[in-house]
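In the two assemblies presented below, chain A is common to both, partnered first by chain B and then by chain C.
Entry: the complex of A and B
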């Protein structure tokens, strides 16, 4: 095509340099003019969707905050309130203290477990593993992240819960903990399942921040006669701490929002586990989290305005938790990057 | 204290520490493989042609759960619809973030914070958001089945669930797509610009073709997320196990099916698990087998595409 179009361009007497078709150039320029706006609109829309989310959820939750005020957070009794709210004559009243406790307990427990296991995995995959094992191990961790939460819940319900009720719960549990029926669906089962759900997110971030530590750090330690293990514990892990914290915070955001799996294995009873019978029995008591309360009652119950408002209130609390956790993670990451940045400046 | 003494004092500690790291890694890998293996072994018993080709039955009796035909179709519809709905927005935003945006601009910071926050919002909250928006009377055309009195829409349908699911996976797709566009070497762009191409033409003719596999990875990852989500499905697709219309495969009924409630593999698993009302663990395990097979295929595709991208870039 080139010779012909060039010929045409020259015969028309245009001053275009050889090889450039002027007509095409004009059309290119016009798409060049509007494309940035089109793409920018897509980017800005995507960035602002979250404000839409906040506006709609908070606005729907307003009735319950208006009616209950702080009592919504400081009072309990969700399970009975939910049944009372169906009665049109009664005055609906909601307090979600136990649900907040359930979310916080299960997430904290899962964080502890995945911190211990995840640190081991991250150090393993960045420092200790033979090179042929690294890629398969990372794929397994990715796979764990890809398993749907309902599948985690199903396996937990078929394997973990029966195991706890057969081998952990003592036969005379009714005498020891009289307040609540204990049957294996428990905080312990919830923590077990949740730990493995949030672990891959922590491992990925932790491994990335360990890899970001400059090689000169490790060499410096080794030159001082440190063992490989001591460079890990005394140099790499302390240097990577802000990155590790960011990973932990992201994992916490995952954990607090997990609904299905927790609702399947953790008993689905709004109850605050207490230490009055000792830590083991505390772990055996059932819980219900904010997220699982939403998903369990988000069906027909939504037709009752009071229940709908209470569920939107829970969604608002979850939004508050997850947004603040994500900002905290962002701050942690920037701290980590700045720290690593200072390092490179100094080494120059 | 010399370095050699130090070495001796810490040798036992370091052996134990290294052993613990190996133990943690082995534990995590075996839990993951156990979950997959458990589902493959247990679910395999339930898989037969009848299970795959019959519709579910909303029965509370054990062993009467029916098959997973409509849940499989539901998962496919939801995954494809949500992906195609957000694809233009996601790729457009990824191109803009990677190629045009000035990182020092205050709007860039807001967009980045917005996307990060959106990615951290739990899927139950997206489900509630969907119910808040799409029960408005204005959106009656998206979920015609059974209006809840007055000027409210039902708010539960394949269309509503697809939109909400699309918004849920949007930040993840943008992130991976942006990353793969950024990874295209600057020299390729410079070459095109030196030949007299405009910026947009460079992006369209050079950068996007080179980042093709990476963008495909992003889309496949988003599809995997959409296939596995349960909370959005339960809130915005409804609890009914079957399609809104009996003869859902007839083209004439498709609009009604999309505007109606239904089920996906995830909601079928929940309903039939011991925690749901269906009480047919066998059927739940069979459906979990199918779901895990789908997720594995998506994961494998993502890995292969990602390798191809790395070779290309």
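Entry: the complex of A and C
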């Protein structure tokens, strides 16, 4: 009883309905046929470039890993090692402990600041702000994301560093912290500048995850007699937590890779700030981060093979950091989606 | 409209069906539903828990309720029926002031709960909503464990409650919502992993946990299958012994099965309100007759 295109007897002798032709040609099918190949080629090309880049960086870094092993991570002395490495007779030796500490401290500090500020911004803009404030406010926050990092660095250098030097650093600092010159270029300056650089990344993701909370949760809370503020703190923020974590992780990835601005304001001295003199003085001590070490020495020093290998070693560490951070972000996004009832196996 | 005194008493065969029905037995449940297909009869000559007088509501310039006056009987099931957009949900949401959340909402008239003006100066909205629980069309358990869904509601009103007391309150709420047996082994599991019907009963349990006097349900079965719907209806009949229940529904059969009193809304007006039997069997208005007959809506 298969229907046929002639419309002849198709069921108990009645004619089939007219006007349905399944073999009809539809235009544009050719682009449907070629597009997958074209787009596939573009995707494979991009993937290949990224893979080659990783292979290239790791291969260039290999000499330093081979020579130093774990000491590369556990030993310090970067600044003097750099000078020693110029001496062709001397044996080059590298340990980047202080640079890792610089990157981790500055990024963690900035994360804490932008978590507090950003959460406030995100809740304000999604839940509390009247609509006439919302739009300009969000535009300003997003604009922050577009400011080139060198501009942040410049403002930091001209405003933040002098301010810290004049108003925060005590006059007798040399007696309190004798081991290192303290002049305003510091972890504190780095954290301050970095906080505003990564803030928009966190606020954008945090606001999006708060907005993704279904209105029905809020209504459910209100109907139980919760105040608007209680629904935010007891229902919306807990529900949005994985999204907030994802936002923090993205901000961390942005922060850990930041080179220029940090290099301009944080002192550019490979030093591990310690709590030895208390938290304030720890924040006033200078740092140097992995990314800024690369940008500061990436020029002529690259002609020395040992320095080049050490810088590629830093690049490898940065890659490892950012890959693990992006995996973490993915994981928390999928957790968030599952919590929101968005079940997807296409999570990106 | 004549109603025999005998008919006004609760029909014993009906409640027996519900008590003996095995909830897992589809057949006996459907049989239970059939047993109540005719309007139930229970006297509505009882004190009013809500008194609504001359209620006018508008959103911006759009008038959605005109001069609605009605009484909600205590410990009975009152159904608001009517076609979409007739204002029945708006009327419901006025009773716990959920409409206050909408910036353009304006109302005039008086609503009294147990004799107290719910918009009075001394009224605390939190207290009002604690006494008037609400269940929504889409089940909306919070994205947390089954236990926490109820504990959150309880702690909101009793922040210093001891853990052991809280455990008891959670269990009791789940038992009242006849969900306990299904979830007692999995209280720490996510509420979102429950089926739609279970989620809706969890929402009812959550509303019960704060000991309200009134439970309002806005089309609670609209997204549920017939079996889950039957369980909810059965539950509401049980609960109506202790709670005043207001249900918005556009399912005529459902209103017939469970309600004691029916309010028919049309285009923002309360066209007719009366005992379920009277509204379904002998409506006084032409529009009501046509609507309950299924001619429109």
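Side notes on the structure shown:
What we mean here is this: the second predicted complex is superposed on the first by the 304 of 348 C-alpha atoms of A that agree within 3 Å, B and C clash if a C-alpha of one lies under 4 Å from a C-alpha of the other, contacts with A are read in each partner's own complex, and residues count from 1 in each chain.
Methods note: a contact is a pair of C-beta atoms (placed from the backbone, for glycine too) under 8 Å apart; a residue touches a chain by one contact, two chains touch by 3 or more.
What you see is a predicted model, and the numbers here were worked out from it, not measured in a lab.
In the superposition on chain A, A:238 contacts chain C only, with no contact to chain B.
When the shared chain is aligned, chain C comes close enough to touch A:214, but chain B does not. When both complexes are overlaid on chain A, the residue A:227 reaches chain B and chain C alike. When the shared chain is aligned, chain B comes close enough to touch A:196, but chain C does not.
In the superposition on chain A, no contact is made by A:160 with either chain B or chain C. Contacts of A:206 after superposition on the shared chain: neither chain B nor chain C is touched. Look at A:141: by the touch rule set out above, it reaches chain B but stays clear of chain C. Look at A:283: by the touch rule set out above, it reaches neither chain B nor chain C. Touched residues of chain A, counted separately for chain B and chain C, are more numerous for B. Touch criterion not met for A:251: it reaches neither chain B nor chain C. With the contact threshold set out at the top, residues 224-227, 230 of chain A are in contact with chain B in one structure and with chain C in the other. On the chain A side of its complex with chain B, the touching residues are 20, 28-29, 31-32, 35-36, 38-53, 56-57, 59-60, 116-121, 123-125, 128-129, 137, 139-144, 146-155, 157-159, 196, 199, 203, 224-230, 232-233, 250, 253-254, 256-260, 263-265, 268, 291, 294-295, 298-299, 302-303, 311-312, 315, 318-319, 322-323, 325-327, 329-330.
Contacts from chain C toward chain A in the complex involve residues 96, 98, 101, 125-130, 133-134, 136, 138, 140-144, 152-153, 156-157, 192, 203, 206-207, 210. Those residues of chain A lying in contact with chain C across their complex are 214, 216-217, 219-227, 230, 234-235, 238-239, 339-341. Looking at the complex, you find that chain B touches chain A at residues 2-4, 6-7, 10-11, 13-14, 17-18, 20-25, 27-29, 31-33, 35-36, 38-39, 42, 88-90, 92-93, 95-97, 100-101, 107, 110-129, 131-133, 148, 167, 170-171, 174, 196, 198-201, 224, 227-231, 234-235, 238-239, 266, 269-270, 273-275, 281, 284-285, 288, 291-292, 295-296, 298-299, 303.
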